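Quick one: the structure is below, and I'll ask about it shortly.
To keep things simple, chains are lettered A, B, C and D as they appear, and every chain counts its residues starting from 1.
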């Protein structure tokens, strides 16, 4: 069993429990266990793009430093810190690259960290779990673990911005990614391409400008629906929340009944691997995926 | 002075004895004292039984009672205000319930008055320091509650009255033990983090003088944890509290009924007139009077103001002859002499040892007996340990706890104390700590009944300021219980009371009368009280103090 | 390329320099192709398009920049940044304008005004993200 | 710095004195004193700044620096010894807003925390709070645990808090940490630490009056009889 130092991020412990629990379950089945970093802190998202505010970079650098310390407790591990949330992934990756390019900045940040007996020496690589699945485990092995192919599921991968942006943080080709498609197909589902695969969902504007999010979600879902998708697959708890919850709002306003359930990619893996249903926490979803799964006889 | 792990070489020699005997002592049970032995050790050693530091009260409801000199001095003091300079025609606060004191009892009383129907704005709480600067937050070890099936309120009662030398008022002791489970339920519902064991039951320890495992705790911050949760609830109820504004005198009306109080703002130096239908006195105890010259565990404001104000208004007192000396105060290092070493340390298994490393007494006798046994060892034998500043003490073998209950027990259960000693370079998981009795608790106080009424109308009593609940000696864990039980009862009773009460014209006549009485006594020294805050400035400074004309 | 032939006053100069300093970008690299605005998922909500805002900055027109809603509509998706033919980190310019404002007026978003029932259900990442972008 | 004012007469004790600066004014005090006792020694009589005097109440939070050292140090004045060259001041009060809530209508979750303290989401993980905590609490960690909805961890980590307010003063995100800690501990104590069932049973027994006869009997005993009963009561052992 390979072990990875795993950084959950705050949402995996709150409204995206289904994401975390399914990912951990399938990671074990694939002999690549995700082991949580003790006492991790906020990744520091959404990452600052200022040049002069190192304060906002302390959080991600501290995560990298704690992950490095965590490696000592792990077996057969590499210098990878694995994330699930795409916002965390993007933030940690960007900062890791930034401090590689600017050793002076790292020195200043370390000066703060050293007072807590922590220090970072640019020796970690940030990996999204999708990268681990593709590059270290391979779709073949995933396919061989499938006990219940997801037949009838026409799932449109929605990458969102953070898996692919910016250049430093991308996990796949920026304009033509395939990792989610390949994964879906290895699970026996049909992947439906949507041109809005990374059209921003409105992100954190949900806090105070909900209408912006509503407009984005409507377009994203419609683009998938007209191409025949009956579900969406995502890797970001904020995209998931926005798309799931805003569809509900639209449904309530318009009386529509054709909303698309939103799955984390790991939930679909857990279903195909025959893991127990509870770990999906479908009860946390606004658009209940169990209705579709029952129709398709996948439960 | 060379220190090794916080101790001198001389002390180290004795610690070697302690280390040598430890493995032998793990299973060694020192016998309890018989009732006769207890009597003897108390009479010969306990300050309560020493006649040369006590005298009879010269006036008032308890005239003739023999009490410690320091207490008599306070009760026979002149007021700190001139009643003629106070304008009672202008009322600053007109409320249903005035609560004097904002520790555990006062805060519980305010909450329960509100729960029982008194609107928040009809309650006023006066606090001498900040809300919660009180002995309550310093109680570490726990709270006694007979809730387990193996226990019962009757056994709790028997423990309490036996510990109190059968001088407790039976109805009060009954109220104390019978309300205990209700208090625990209340605390749990508010979210107090009581320690649970691995089966989800309350973690319980035995305390000095208890016959059941009944001490419920929240690590070694039990008082702090209970209080901060209760205060948080108080704040959610929006009950008004005046901080740094103690009461300095009660007000009465023409019938002699207590009708409010004069409050004094310690920072702006102005007074406030409060008219109240019911006044609840919850001012706490008297540790800062340093009875018999002992150091104290008490907080900065523990100066017996409440007992004095009530006595001036003609209230009856009780059991003020009796003072609780906690058997285990710190005796070393010098900076923390007198600070409490919670009884939980002994509850967890630490033994009391002399210089030779052998046990001095059974570690969990009732507090007064345990304290007397330690005083005897230090004063009447040569089996004591002397600190570099000449303070005598005995060892409390804390490392034994780790031997019995496993490594890490101290860090987990006695975090506050471990931290305190660490600050002075002493590791109590490895080395024993030096202790000597310290002034801890005012056993007696203002007499009241089980509904908290004092002997005068309009004045209710709750908490350490009261007398009668504990008789001549309080058992560990019954004080955190008392403040909650009687605070709650006072609040409920006050809510009933205010609907049927009319207050007459406010006056300070009882204070004037008091002054005349004192004049007639021909006292040698004229003192003024309430003391409000103790004096710790150095003599060099005090000699140079001057009052400027304004 | 630069606009040296334009005579900027001190205030304009200070503003341009500050935005360049915070963002680390050379504002005059932009040749106004408009690709950022074309690809922006939020152009329809912006009162000034992204390239317009950049032009205002180039011209030192501080008041116009601060009045626009462009930088507050931007959700930092970085599409503009990855597509800019001049390799300007356009999103960083948006961030710099936000920062410029927040350093004077730290609570662009009034946290106390967020309704309790919204706080009750929002994913915490939304709060973390928006507070990092909209409060100083 | 103002002229040195010697306030002790005993020249022989000179070796045991240290120089400290209280709000800029220099004093010589015995080296064996705590900060609190040193301030009293030189003539301060506390109203604010002194509470339990034993490290529980958080009234005496103190900030100091040392000569030639840029760090800010913090202490509880009653628990910390004076040191040569300390520049110190006490914090008389720390303003920190706390919202009103009803503990009965909450869920032990991150949202319960964010509902009342949305500013928790502003935490930069800078750890300034942990560095100043005189109780050695990992303040930043428990704030992060609260944000992550790990209420149990947050409650346990924050348990030793005495609400001195030093973290609140240092926080760049302006979080009132100790109020957050109070909320998470109450959530933990109320909703996660379950109440054993025997407690309710005992309350019912008392309400039903099943101990009344027992009390009547105890009340009717003479002092000697009661003493006899006390002596002979059985003791529970481990």
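Couple of notes before you dig in:
In this section, a contact is a pair of C-beta atoms (placed from the backbone, for glycine too) under 8 Å apart; a residue touches a chain by one contact, two chains touch by 3 or more.
None of the values given here were measured: they were computed from a predicted structure.
Common neighbours of chain A and chain B under the contact rule above are D. Ranked by separation of Cα centres from chain A, the top chain is B. Put simply, the chain closest to the centre of the protein, by Cα centroids, is D. Per-pair tallies of C-beta contacts place B-D first. Put simply, the C-alpha centre of chain B and that of chain D have 19 angstrom between them. If each chain is reduced to the centroid of its CA atoms, chain B and chain C end up 62 Å from each other.
Chain geometry summary: the mean Cα position of chain C and that of chain D are 44 Å apart.
Chain centres here are Cα averages; for chain A and chain C they lie 27 Å apart.
Counting only residues that touch two or more partner chains, chain D has 110-111, 147-149.
Residue positions of chain C with contacts to 2 or more other chains are 114, 121-122, 124, 127-128, 132. For chain A, the set of residues touching two or more other chains reads 10, 14, 42, 44, 56. Working note: touching chain pairs come out as A-C, A-D, B-D, C-D.
Here chain B touches chain D in the complex through residues 35, 129-130, 132-135, 137-138, 146-150, 152-155, 157-159, 161-162, 166, 170, 174, 178, 181-182, 184-185, 188-194, 196, 200-202, 206, 211-213, 219, 221, 223-225, 228-229, 232-233, 235-236, 238, 244, 266-267, 297, 299-300, 334-336, 339-340, 415-416, 419-420, 423, 533, 535-538, 540-541, going by the rule given at the top. Chain D makes touch with chain A in their complex at residues 109-111, 123-127, 130-131, 138, 140-141, 144, 147-150, 172. Within the complex formed with chain C, the residues of chain D that make contact are 110-112, 114-115, 118-119, 121-122, 147-149. Only residues 8, 10, 13-14, 39-42, 44, 55-56, 58-59, 62, 112, 115-116 of chain A touch chain D when the two sit together in their complex. Across the interface of their complex, chain B is touched by residues 7-9, 32-34, 37, 40-48, 50-57, 59, 79-81, 98, 100-104, 135-136, 155, 159-160, 162-163, 182, 185-191, 193-196, 198-203, 206, 211, 214-215, 218-219, 223, 226-227, 229-231, 233-236 of chain D.
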